[in-house]
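Here come two complexes built around subunit A, the first alongside subunit B, the second alongside subunit C.
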Partner chain A sequence: MKQFLQIALGILSAIGGFVDIGDLVFNTQAGATFGFQLLWVVVIGVVGIIVYSEMCGRVAAISKRPVFDLVRERVGFSAGLGTLVASEVVNLLTCAAEVGGVAIVLKLLSGLPYRALILLGVVGVVVISWVLPFEWLERLFGYLGLCLLVFAVAAVKLHPQWGQVAHGFVPGMPAHNHAVYLYFVVGLLGAALTPYEVYFYSSGAVEDGWGPKDLRINKITAVIGYGLGAFLSFSLMIVAAVLFLPRGIDPQFLGTPALGAADALGKIGLLLALVGILFAVGGAAIETSFSGAYNVAQFFGWQWGKRRKPSGAPRFALSWIVIFVLALGIVMTGYDPVKITEYSVIFSVVALPLTFLPILLVANDPTYMGRHTNSRLSNVLGIVYFVLILAIAVSAIPLMVITNGGQG
Partner chain B sequence: MSSGDELDLGLGVLDHQLVDSEGRNCGNVDELEIAGISSGEPEVIEILVGGNAWRGRGLFGRIAAALSGDAVHVPWSEVDEIGAVVSLKQTAPELRLGRGDDRAAKWVERLPGA
Partner chain C sequence: MLARTLVLLGVAVVLLAGCGSQTLAQQSKSLKAVAAEGGLLAGDAARGSSTTVFTREHTGFLLKAAAASASSLAKQTSAEGRRLARVAARVRDDLQRLQQSGSNRDVQRQVQHDLDRIAKRL
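Let's look at the complex of A and B:
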């Protein structure tokens, strides 16, 4: 039973992290622009997040150290502070995008004014985060986020050409539109390899008191949790490819993917899709704000943890509240959450290398890890992905500028 | 990190978490004060925590130090054990550490459910 509950950590991570507003935006836009051609990128992204999440979960279980602790220790104060600032900017932008997503879905469900719903949404997630214990946050957002599985049903009911879908899993390059295609490759990888997800996962593992006996559960949660996330990403892209590409629809609105579920399954499909999106982006809003608080508290050595009462980790508690308040301010300006999402995903790619390098170094250090250092497979994959991350980190911003944010 | 009597100060102590005698996180090892270098018998005498301890820690360290106050000096003799974290012999208030958390707690405690 306890092991089953632990898997919830992975499911929350998958829904809130793998499928958050970044995945909803990039997968849907990729499907609407290039059909099934970019499905292979999701596979590469999910294997990468499985490799690094398993690694940071193992490091947390054996060394009891969360990621930002290691960032500081391994890259030093100055580079560590640079990484902290970059990751906090990305966390804040992502949190703002998710909060905007919550408000958009609430507007679609209720018809009330958008700005009032932003305020209501933020107050709602702050109160829920304050009141509910860690386990209940996992369960509430993890399980209700599973309503997103409606997109998998919709993808099947729309009867795609399965031969073409299978062809999408083979890497290739289209005859034209190379720069926009590469922009989506970088965006999809960035949406899959979110740094806040790694911070949250490892801090959660330390909070849950993982030890050597939990290494198996770590592997299972990483593979099942993120595998489920990838499954949903495929579904979103397939639905967009079948419905939006032939009609020339450019899904610049967060509610557009839900229309795909409505087309295939009627009103109940629409409702399930909106509830799934609401809890996926709501859960991700909480994860991003908590990740921001974890990072700053670990970097400066403060008391931290959601399992402690707020008065036992006061600067940590104030930090996540401040992140929500700043996110509220950003979204209240009226800037489009979908645009904020694109910026947050592309900038997060730039912060990735300094997040993943310390994990890779410590996972290979026997003084921290004893006999649980990386296997040869983990190392080969870890190094290959680190090189890939460096390449996409260098190309992310130029591609965003050249393609005008994927608009061509 | 360390093996036997040897201790790598750069990798095994600097930037590590400080934990007081009651298990409370109370800052990081931001800088080490070393004496006796010129006499050929260097010895760590103090751990510096926060504020201007960051001055010698690169460009961002100088900027952070300029925006902060004085560092807290913790005598090396107060170190109880060095492992994944640096454990101290006394409580954080006795060593003037963790004061930011104490100040913030006064605000947070006013909120319901804190």
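Let's look at the complex of A and C:
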């Protein structure tokens, strides 16, 4: 039971990374456009994020240094500042989108006015983040986000052709629509390897007080947490492939995935899906605001951490509150929250390589890691995925423009 | 310098992504997607698989898309454009009926049949 509670960090990080507002819609669009053909991409993405999360969790446990601490030290002040600016914009835009997502789900549940719910949603997450200790934030949003498992039940109930599902795990190229297919491949990989997941995971490891004795729990947390995130992505894609693709539905709204659960499982399925989405996007809002505060505090050497009282780390506490306030301002303009996440991709492109490279370098440095440096397998995977991250960084924006955001 | 490059890059991509107008084929595809989703939602509502609030609110999002489509297609002068404009107006009207249907399953069933038929023809 204790170990089950301990893996909450991985579950929250993974849910925030794999099934936040943008991913819920994007995974569903992938299934509705290409059926099961993109399932293999999620496997590639999840292995990558497990490799790097395990690495940054190990670095945090051994050296007590979270990612942004290392970014500044390893890439220097100027490049570090560039990474900080890009990652702060990603965090802010994503936080705004998640806050909008919270309001949309509350609207789908209550029917109250959208703008009032945005305000209520922001006040709610700020109060919860202020009042609850870090481990209870992980547990509340991580475990209630698991209501999304209703999509796995829905996927089974919709009786997909399992042979075709299995075929989707084999990489391939469709006969036509190559650019759109590649756009989805790059988007799904980018979504799996979002920078804020590792900022949150490594800072969370320091918050949870991990040490050398926790290296095993780090591995378990990364594998189970992100494995669950990938499992939810598979489920969403399968539901969309069976239900939306034959009908020609192009999911553009946060409520559309929930429609899949309603069709397969009735009202209970619908309500579980909406509650799961509410806690997944709410958790992602907290994850992104905290990541933003962690980054800026670690970069400038301020006191940081949710474990400290706000008076002990005042600039850190102020930072995550300011991020929520700015997010509120962005989403109050009425811009579609799902579209906001698409623009955060632009800034992820810069933040991705400069976030993952320092992790790889430090995880190999015995000065920091002693005898806990990377194994040969970790290094091979780390290098292969770093090349993949560079490829994502180079191709994401051109593909977004060429395919008109996946519309073809 | 890097921050300025980022801002310029962001503005360029936003402009490039926003400057493409939809062709009639793309508009027809979007309209089909909205009609099909409306039909699925109406069917779920008629079977009691959806809540009244979810049906009303999610239909609201679809209705906005259909209304935008109808308004954009209303400017078309070609025969195909005018045909699509009529279809878009019908989808919009059906979604309005669904939004106001409350727990009236007969209306929801009628809307489902109509939207499903439209989606198949598009």
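Quick note on the criterion: the second predicted complex is superposed on the first by the 399 of 408 C-alpha atoms of A that agree within 3 Å, B and C clash if a C-alpha of one lies under 4 Å from a C-alpha of the other, contacts with A are read in each partner's own complex, and residues count from 1 in each chain.
Keep this in mind: contacts are C-beta pairs under 8 Å (C-beta built on N, C-alpha and C of every residue); 3 or more make two chains touch, one makes a residue touch a chain.
Since we're looking at a predicted model, the values are computed, not measured.
Looking at the shared chain after the overlay, A:D263 reaches subunit C, while subunit B stays out of its contact range. Of the two partner chains, subunit C is the only one that A:I397 touches; subunit B does not reach it. Once the two complexes are laid over each other on the shared chain, residue contacts for A:F300 go to subunit B alone; subunit C is not touched.
In the superposition on chain A, A:K64 contacts subunit B only, with no contact to subunit C. Contacts of A:Y368 after superposition on the shared chain: subunit B is touched, whereas subunit C is not.
Using the contact criterion defined above for the overlaid structures, shared-chain residue A:L274 touches subunit C, although it does not reach subunit B.
In the superposed pair of complexes, A:M55 makes contact with neither subunit B nor subunit C.
After overlaying the two complexes on the shared chain, residue contacts for A:G82 are found with subunit B and with subunit C alike. When both complexes are aligned on chain A by C-alpha atoms, subunit A residues 78-79, 81-82, 85 touch subunit B in the first and subunit C in the second. Listed in rising order, the residues of subunit A touching subunit B in the complex are 63-65, 69, 72-73, 76-82, 85, 130-131, 299-304, 309-311, 313-315, 317-318, 365, 367-368. The residues of subunit C lying in touch with subunit A in their complex are 2-3, 6, 9-10, 13-14, 16-17, 20, 26, 29-30, 32-33, 36-37, 39-41, 43-44, 47-51, 53-54, 56-58, 61-62, 65, 119, 122. Considering their complex, residues 1-3, 11, 15-18, 24-28, 30, 49-50, 54, 57-61, 64, 84, 98, 100-101, 104-105, 107-109, 111, 113-114 of subunit B touch subunit A.
Those residues of subunit A that touch subunit C in the complex are listed here as 78-79, 81-82, 85-86, 89, 107-111, 243-244, 247-253, 255-256, 258-259, 262-263, 265-267, 269-271, 274, 342-343, 346-347, 350, 397, 400-401, 404-405, 407-408.
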